[in-house]
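In what follows, a single structure is set out as structure tokens and then discussed.
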Amino acid sequence: MAFLEIDGLKKRFGAVEILKGIDLDLEKGGFLVLVGPSGCGKSTLLNTIAGLETITEGEIRVDGRTINDLHPSKRDIAMVFQSYALYPNMTVAGNIAFGMEMRGVPADERQKAIDKVAKVLQIGHLLKRKPSQLSGGQRQRVAMGRALVRDPKLFLFDEPLSNLDAKLRVDMRIEIKRLHATTGTTIVYVTHDQIEAMTLATKIAVMRDGEVQQFGTPAEIYNNPVNLFVADFMGSPAMNLIPATIGSNGSGFSVVMEREARQPISLPLANAPAGLSAFQGKPIIFGVRPEALTDPEGAERNASNIARADCHIEVIEPAGSDTFAVTNLGGKAVVARLRADANIQPGTVTPLAFNLTKAVFFDPATERRIV
Amino acid sequence: MSTVAETSITLTPEHDARPGASVRSRLQDALPKLVLAPSFAASVVFVYGFILWTIYLSFTNSKTFPSYAITGPRAYQRLWRWTFESDPPSSWYTSITNMGIFGFLYISICLALGLFLAILLDQKIRGEGMLRPIYLYPMALSFIVTGVAWKWFLDPGLGLEQTLHQWGWTSFHFDWIKNKDFVIYTVVIAGVWQASGFIMAMFLAGLRGIDGEIMKAAQIDGATTFQLYRRIVIPLLRPIFLSALIVLAHLAIKSYDLVVALTSGGPGGSAWLPSNFMYEYTFKRNEMAVGSASAVIMLMTITAIIVPYLYSELREKPR
Amino acid sequence: MSAVATPARQNTGGIRARTVNRIVIYGLLALFALFYLMPLFVMLVTSFKTMDEIQNGNMLALPQAPTFAPWIRAWSEVCSGLTCVGMKGYFWNSIKMVVPAVVISTLLGALNGYVLTKWRFRGATLVFGLMLFACFIPFQSVLLPMATILGSFGRFGVKLQNATGLTFGFGNPTVNLVFVHVVYGIGFTTLFFRNYYEAFPNELVKAAQIDGASFFQIFRRIMLPNSLPIIVVTVIYQFTNIWNDFLFASAYAGSGDVMPMTVALNNVVNTSTGVVEYNVNMAAAMIAALPTLLVYVLAGRYFVRGLMAGAVKG
């Protein structure tokens, strides 16, 4: 039995259905990231777990106990908010201890707990300050301290890093990951940033319009997206999704992409998914991640199915660690990820290697993956 | 910020009846509403209930004491008849013509003067911090104090006229406050003195809120200062005009105190506004039904102005 | 920000045109400053003059021999109607009315604003709209029924006194005025706090809920300590309004020794027995104006904010 279980959870505001039947589970010590664009319902879902919003249908269980009707303070959870939600009129110590104070914990025990948490997070020197006297990163630490001190069954994070600048965000991301590794707590984490999702999670739920699109490990989500939305949302730069048709060349299938003022490219598929046979001669969406589209020397050696094709390079974006080349296939800009030192010029025609082992195909009508 | 729901509906604490919820927790859930209830109930009873009560009284023949037998719209018929009694003017005729004169002049002068002063003060004025409070302080005074001060200032035997006579301008004559045809204009003067500084402050806040880049763009387009204000700034202040208009209309219809303190009603009640009419008829002339009817008419007037305004302000704004 | 800096190109008219322009602007501003200051100035100098000087001197002249006598007379001797005990009693009447009315209406406004923003329920906007409309009605339309109700409070007080020996405040004109001002003031106080709490982060309330704070604990420990600016604004607004009220005061405490300041002042000024002592009248008017003027001088910024908030929903 999983530690956190969510069954058929629905949430309606009047006639509007915000959550349309969510089923999720998470093992003890797991790190679940809810990711999706604005308005997908991920924060509402988190609030229902916290008890800050009621649910219309379904059940939420933690450690086998149904918590649907419990007050937030009785659920044995802690939450870190996007704005940190530190009480501006209290000191850092007062903020951390407020929950204990409300539960009637004696002052000396509170002090001990504060000192312990302050040590873990290295905020001992800040305890007497007010939140307004802290930097963004310090506030973030205090907010985590307030959550840690409760020693809860479940940690909830609501976009905790989105108010930090880029560098601090990376630092705090690592800090959170370390905290998770050392304390072994169970975490549910909401973000719209797919890099946070990929780096932190043991399980990811990609959400859209109040529905879970795909639920799985980061590798599953990244390599085997179930539909166009997940494929497009996860990964940066995003997966190339190229309109194409399926042709046949005697023994097997090939994927054919139109090009402007040139012959179409036709790439032979060595081990095409079985579902593709129904699409012969029909349009599909051909998905290939930028790192699977490289200069021939940079191609993965042990990939079994690599096809080459000459492509007209329109733009070069040297990014330091890599160089991105943009070409046009099927009427769309397609990004290839080349080695940083790849010798390539815009406006020229260069051979590119397509790693077709990593390619995925989608039905343009249903947007689902063809398997 | 991620879902539409969170921003439009903030917290939904558990106030839905939940199966198995104990009496105590249900009480907890109802607590916010219980806290609001007394205030809301007070509004319902003491505002809306009393308004209905006043309307009811206006259809009776109450004199000195309320009588609760409906006798029909007699009070309204009398007011209607008096509305056209101009020679000699009935008290009601005087009150509503005064309201028209006072309302129009008070509102338009306050708006014009307020805007004018705000624009002057917005010209990077040294000493703005000193001038602003000088223009605004009358708003802190009561109508009674304002009335007393201006009564003295406008008194022909003591105030301005006397002073100018002493300075040698002996032909100067200014006795509006004792003249039944002009006394209402002294109420306008005192009223404008009191409220125009506040209207200035509203416009000034509006001017300061205008995006400086719009002004720069207009200057680059070659607009003169005058054109800039007429074509760009004043149109942008439209919402302030609306708010100021509401404030002034509201003050104007309540200006009972000022008339009393400044003019004691004026010679023969010639400075009355409908609010004075209501008070006098209800509490001094023992014509409670007529007083109530006039109160209802005042309420209707203000409702017609305020309700559309409140509605547009409170309507859920599209996000 | 928006001040129009005359662009350099238009300066070709010359520095002189610009200087004339500035002189005109400053001249107009000074003229209007005179207009606004004049009545206060006249009131003030007159209150320090002897009657002799008033009758023979110039209204605008400074007092030749400044005297505090009119102020002392106004405070402790001046006649309102036939009673000649000065303004001091009426001043305390006003204080006794204003303080509780301000405290109660502000506290209720804060609670209402808290409920209306942080514990929203279906119909909350309608409830608020109905309460807000109460601010704008001409009070003439509730004057009579309220008089009737207050009358019955009075009769109930007499009964209570007969039964228990105490009226518990029923029928006391000051208590009545407190009640009236609270009832017709909560619309505004609720408006102030609602708009302030609207911008108060919901996440703080959520965090406090998770920390286990109850409805009232959140209000007392989280909301109130962070509401100082709006409390100041509300208190000033209510104080000024209630102190300056005349209509309710004259209708429900319009005579005898229970009158608040505004009514007493009006009576003093209009008392026609004997010689009219203008200097004493002006001193009395100054005494009536001082508390609100003092608030204005000390906390003008908050005063203006209150007026604005009462005018614009924002």
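Letters are used for the chains, namely A, B and C, taken in the order the chains are written, and counting of residues starts over at 1 for each.
Here, a residue touches a chain if its C-beta (ideal position, glycine included) is under 8 Å from a C-beta of that chain, and two chains touch if they have at least 3 such contacts.
Just so you know, these numbers come straight off a predicted model, no measurement behind them.
Novice: Can you check which chain pair, B-C or A-C, has more C-beta pairs in contact?
Specialist: Ranking B-C and A-C by C-beta contacts puts B-C first.
Novice: Measuring centre to centre with C-alpha atoms, which chain is farthest from subunit C?
Specialist: Farthest from subunit C by mean C-alpha position: A.
Novice: For subunit A and subunit C, let me know how many angstrom lie between their CA-based centres, rounded off.
Specialist: 57
Novice: What is the distance in Å between the mean C-alpha positions of subunit B and subunit C?
Specialist: 15
Novice: If a residue has to touch 2 or more other chains to count, which residues of subunit B qualify?
Specialist: 9, 11-12
Novice: By residue number and range, which residues of subunit A touch two or more other chains?
Specialist: 47, 51-52, 71, 82, in rising order.
Novice: Any chance you could list the residues of subunit C touching two or more other chains?
Specialist: 206, 209
Novice: Can you list the subunit C residues touching subunit B in their complex?
Specialist: The touching residues are 1-7, 10, 25-26, 28-29, 32-33, 35-40, 42-43, 46, 54, 58-60, 108, 111-112, 115-121, 125, 127-134, 136-146, 148, 183-184, 186-187, 190, 202, 205-206, 209, 214-215, 240, 243-247, 251, 262, 265-266, 269-270, 278, 281-282, 285, 288-289, 292-293, 295-297, 300, 303-304, 307-308, 311-313.
Novice: Taking the complex as given, what residues does subunit B use to touch subunit C?
Specialist: Per the touch definition, subunit B meets subunit C at residues 9-13, 15, 28, 31-33, 35-36, 38-40, 42-44, 46-51, 53-54, 57, 66, 117, 120-125, 131, 133-153, 158-160, 162-163, 166-167, 193, 197-198, 201-202, 205, 207-212, 215, 219, 224-225, 228-229, 233, 240, 243-244, 246-247, 250, 253-254, 256-257, 260-261, 264, 275, 278-279, 282-283, 288, 291-292, 294-296, 298-299, 302-303, 306-307, 310-311, 313-314, 316.
Novice: Going by the contact rule set out above, which residues of subunit A touch subunit C in the complex?
Specialist: Subunit A reaches subunit C through residues 47, 50-52, 71-74, 77-79, 81-83, 85, 87-89, 98-99, 102-103, 146.
Novice: Going by the contact rule set out above, which residues of subunit C touch subunit A in the complex?
Specialist: 201, 203-204, 206-213, 217, 221-222, 225-226
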